[in-house]
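Next come two complexes, and both contain chain A; in the first it sits with chain B, in the second with chain C.
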Partner chain A sequence: MAAAVETASHIRAARRGSIRGSRRKALFWSYFFLVLFVVIFLAPPFYMLITSLKSSGEISAQVNPWWVFHPTLENYLGLLTEPNFVTFFRNSAVVSLCVVAISMLISVPAAFALARMKFWGSATLATGVFLTYLIPESLLFIPFFRIFAFLRDITGIEFLNHWWVLIIVYPTLSVPFCTWILISYFASIPKELDEAALIDGAGYIQMLTKIFIPVALPGIIAATIFAFTVAWADFLYPLAFTTSADQLVLPVGIVTTLIKGDVYNWGQIMAGSLICAAPPLIIYAFLMDYYIAGLTAGATKG
Partner chain B sequence: MAQVTLRSLVKRFDRTEAVRGIDLDIADTEFVVLVGPSGCGKSTTLRMIAGLEDASAGEILIGGELVNDLPPKDRDIAMVFQNYALYPHMTVFENMSFGLRLKKFPKAEIKERVEQAARILDITELLQRKPRQLSGGQRQRVAMGRAIVRHPKVFLFDEPLSNLDAKLRVQMRTEIKKVHQKVNTTTVYVTHDQVEAMTLADRVVVMNAGRIEQVGPPNELYHSPRTKFVAGFIGSPAMNFIPCRLEESGGGGLTVRVGDGLVLPVPSGRTASYRAHLGKELILGLRPEHITEAHPHAEPGTAEFAVPVDVVEPMGMETMLYFAMSGTQICARVSPETPASPGATVNLLADLRHMHLIDPTTNQVIEVPVASRGNAQPSADATALRRGVG
Partner chain C sequence: MAEAVMSGVRAPAARRSSLRAIARRKPMIAFMMALPLILLILLLVVYPALYSIHLATLNRSMKRFVGFGNFLFLFKRDTFWMVVKQSVIFACTAVFFKTLIGIFLANFVHTIPTKGQRKWRGMLMVSWVIPTAISSITWFWLFDPSYSAFNWLLAKFFGTAPIPWLGEPLWARFCVILVNIWAGTPFFMIMYLAALKSVPEQLYEAAAIDGANWWQRLWYVTLPMMRNIISITVLFSLIVTFANFDIVRILTNGGPVDQTQIFATWAFQVGIQGNDIPLGASVSLFMFPILGVSAYFILRGVRRRSQEI
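Let's look at the complex of A and B:
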């Protein structure tokens, strides 16, 4: 009897062991790839940070490039006391905030209309919105030149080489994508919710502001982050449309003012890039918690 | 509070007709249940009353007023949905008061109405919670509360209990009936569950393929179905349908011959109505509770027969026996004391006073005068008595 019990417990232990073993194997590979990706993705920012803390002498010296022996903040101080850099930062901030506001003002109602107010051609329009997003920006900047030239001839307003022109062109990238994200987010809200609101006496505007926007907040935040990132980090349009130093935004400003001919001011370029990358990073860090919390709350909907 | 009237109501989706001309009068304060299999048009009908679907043809009147062209909010109705449709970002109080707030009711009145409804539904302590903090049954109560606070003319329920587990469903069913007795508002309730329909309704409307099959109080539908569909749909387990032939017996009586030589006598009160169908192939409809275990004192209108049993299903207070006859499976409902095992032959008693004969060409139940129908109460008592003895 005792032997039988012992055998049974052995078998149980063996079985448990094998489950634990396969779990350990899975965990090992999970960690292996996670660490690998972390290293790959964090190596460039790390290199930027290290380089930004070096003096130009140490950058050109034949020492280990992955370590800093005499850390200095001179690159950061130099940038922040440079009036141009402050202008770039301000231009970038104003452009990004305006683009986020415009994108949301257009894409939230557009997505609501396309997702919920079934009208003739709404499905085709929704697909069309997405197709618009698929057109690469490098194809669009020449037509934009033509449009701006045409508008200048009619109105007399010069569009080129003004930072605010970016507020007009960025939404062509952000609005279609934001609308597309929000269409699918709104579509996941149960139909009965708007029917209940309809019976409760809400019109379409109230349905949007009182039901859809609060319920779809995680989706709206995701779209906001996207619009901000587009406006903050885009390089091609500002490079094409703005040239004067006081009209530049950060990504282009760093490159054009810190690379003089064939002289690369690496320390300041790296410091500037890090400062440029900071705002989106901070926004992600703050909103991500809320974003994930919102997502899970939506999953167990009432 | 108001009556609801549907006149020749039609709903077409593209080329399919979901509702094919419905006429229905629902009286003030009445509780009417629309029941039928999925796709029968019951939900579409309800949604047309709510104004969530436009009627393709016909008229909808609420309180005598034609509402076809009115939006849902102006119809003075309230609806409870299958998945509750609570606003997930609002508290229970905000959910219940949303409609009143949109209509700019004074704050004090909103508070009073919500609290009153919360008392009726016993959810006062939940008012500050969010829907995700509630159980299924509590959410259903809140959904009902949201309907009650608006004091509408008509309540519409769209399968409100389908998302609940079996036990809670029975509990909430009673709850809904209680609420209706308290607030006394005209109610239209849609379900595919015939037990829900029977227990809740003042009148049941059985729908099939976009048409109304029969309208009547639950007992009337149960005892006097007019069509084969209603006969089979109402009642659980469903009525047995056995192919048979109507024949003359000696002395002016009639018999039904069921396939394998079993001949059952037709009660004398029914012969006049059935005589026109003499010699035809018909379908005998007999509910499981009218096929019981045989007992020594057989009454007139009953017939004893012996069959080998295929399956025995003990339910506790009764036992279901399944056997084959004329190629169809028949269910009998016997007392749990009846000795029965699969394969063994059991003596059963068919109570033909409750029989229905269905013409298979029209699927209509052949009508018999009310007086000659097996009256529900006495025979039910007799059955119970017999079971008690047996």
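Let's look at the complex of A and C:
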């Protein structure tokens, strides 16, 4: 009896030891692969940074390309004095900020209505919003191209080759998802809160501005980030709809104008790329958690 | 799910007569609030989508109705079938590896102490945060025929001859898929990490006491618990990857000799650059079946998941 108990406790101790051992092993391999993947995943951005600090002489020299031996800021200075690049940046910034504003103005009230008030077809509309989000831009750019030409014939306004045309088309990419995640945030707010507000005599607009927007602020931040990144990073629409150098936004400007001809000024291209990648990276560095919460809420709740 | 969301503040409103007046106006206010969204969806998404079907039935000058003429023309062209094949290879391979690497990375991040998780997750997300067009141009430079930094590494450590990354069809196909995996994996990792956090810790303890090793815990506990979120993410990514444009356009522009062309890039080349808008519209419409099927199953998955919660 005593012996049996003793062996049992021995076995338990041994097993506990092996659990601790396997935990240590799991930790080791986790760190090992994490380091490996971080190196792989960060290699291109690192190379972007390294190249942007090189002079064109060093880029073509036969030395280790993964390191910069004589760092210089001439590529950045060159870009800042290049009027085209400043225009790209300004266009990108204006377009993105307008798209964020428009997306919020459309999706916040709509999400509120869909999450809290029932009206004819509201359930269908909620599903429709989600389906719209799934329609890719590569399906819509050709009809848009034609529609803009068609509108020019009717109204006399030239839509194509103007940067502001992007402010019209980008909301189709941002609004559905913004509305979708805001619906799930608004729906998670306890109903007692709006009952209390109604009893206190608040109208629906006050209910939205005084209760829903402050309480669902994390969701609104997530939606704002999404709208901004979509507008900042998109490539297909500006490539299809804008061509003149003064109408381009950053991604297309960097890819098409800095590469023209046989001379690839890689130092400058990489410097421009880094400047273009910086705003989203900075935003994510500070607000990553909001965005991830919104992203996973969008797919799991709803 | 929408039903559950929509069951608003009816009961208390009905109880109080003073609130009845507001309640009566409610549908109208709600409709006005949703009106901009409805207009946006109808005018800027539904109308263009239907218009593209109409466009696909016109001839090149868009003056004459040709019915299925454009589609029949496409079926007879070898390039079209090559594009179909390449799109399928591109999307399926990329999504498969994104799922696989995403699951492993999420597991690794989940295994380490909570304190450090945020930092590692942040570092792994960089490739996803950088605009795809920008990272594609960086990869293009990494694959550069004469200054490729990869070839330098390979030559230095393995003495390999320079690889023509984007110059040969097979390598070019490999490269576009690689860049897609690189850019898309963090999204999978984030989704799976969130799903992992929702798996009850007791299940792992029970499995560990039963002597399950790391693989068995992953296979028998984690994966079944995450099945729904995995399928949603996979289907969603299938749509996005099928419709991908930036990576192929910048890295290879469809070349060499259209070998890496996928639906979106070929539609762009035919429709915008080749100035044959109806044919381009027909090409892009071929994305629709895969889109419809995926959308159906995603919606079903999301509904089922919201019922679970």
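Here is the rule we use: the second predicted complex is superposed on the first by the 248 of 302 C-alpha atoms of A that agree within 3 Å, B and C clash if a C-alpha of one lies under 4 Å from a C-alpha of the other, contacts with A are read in each partner's own complex, and residues count from 1 in each chain.
Operating definition for what follows: a residue touches a chain if its C-beta (ideal position, glycine included) is under 8 Å from a C-beta of that chain, and two chains touch if they have at least 3 such contacts.
Given the structure is predicted, the values throughout are model-derived calculations rather than measurements.
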item	value
First (chain B), second (chain C), both or neither touched by A:N161	neither
Touched partner set for A:T243, first chain B, second chain C, both or neither	neither
Partner chain(s) touched by A:P214 [first = chain B, second = chain C, both, neither]	first
First, second, both or neither for A:Q206, with chain B first and chain C second	first
Chain B versus chain C as contact partner of A:L198, first or second or both or neither	both
Partner contacting more residues of chain A (chain B vs chain C)	C
Residues on chain A lying within both footprints (that of chain B and that of chain C)	195, 198-199, 300-302
For the chain A and chain C complex, residues of the former touching the latter	15, 19, 22, 26-27, 29-31, 33-34, 37-38, 40-42, 44-45, 47-48, 51, 59-60, 64-66, 105-107, 109-110, 112-120, 122-132, 134-147, 168-169, 171-172, 175-176, 179, 183-184, 187, 191, 194-195, 198-199, 203-204, 229, 232-233, 235-236, 239-240, 251-252, 254-255, 266, 269-270, 273, 276-277, 280-281, 284-285, 288-289, 292, 295-296, 299-302
Complex contact set, residues of chain B against chain A	50-52, 71-73, 77-79, 81-89, 98-99, 102-103, 130-132, 134, 139, 146, 150
Chain A to chain B touching residues, read off their complex	190, 192-193, 195-202, 206, 210-211, 214-215, 217, 297-298, 300-302
Contact footprint of chain A on chain C as seen in their complex	1-10, 12-13, 16, 19, 22, 26-31, 33-34, 36-38, 40-41, 44-49, 51-52, 55, 62, 101, 104-105, 107-109, 111-112, 118, 120-127, 129-135, 137-139, 141-142, 144, 147, 149, 152-153, 182, 185-186, 190-191, 194-195, 208-209, 211, 213-214, 229, 232-233, 236, 239-240, 242-246, 249-250, 263-264, 267-268, 271-272, 277, 280-281, 284-285, 287-288, 291, 294-295, 298-299, 302, 305-306, 309
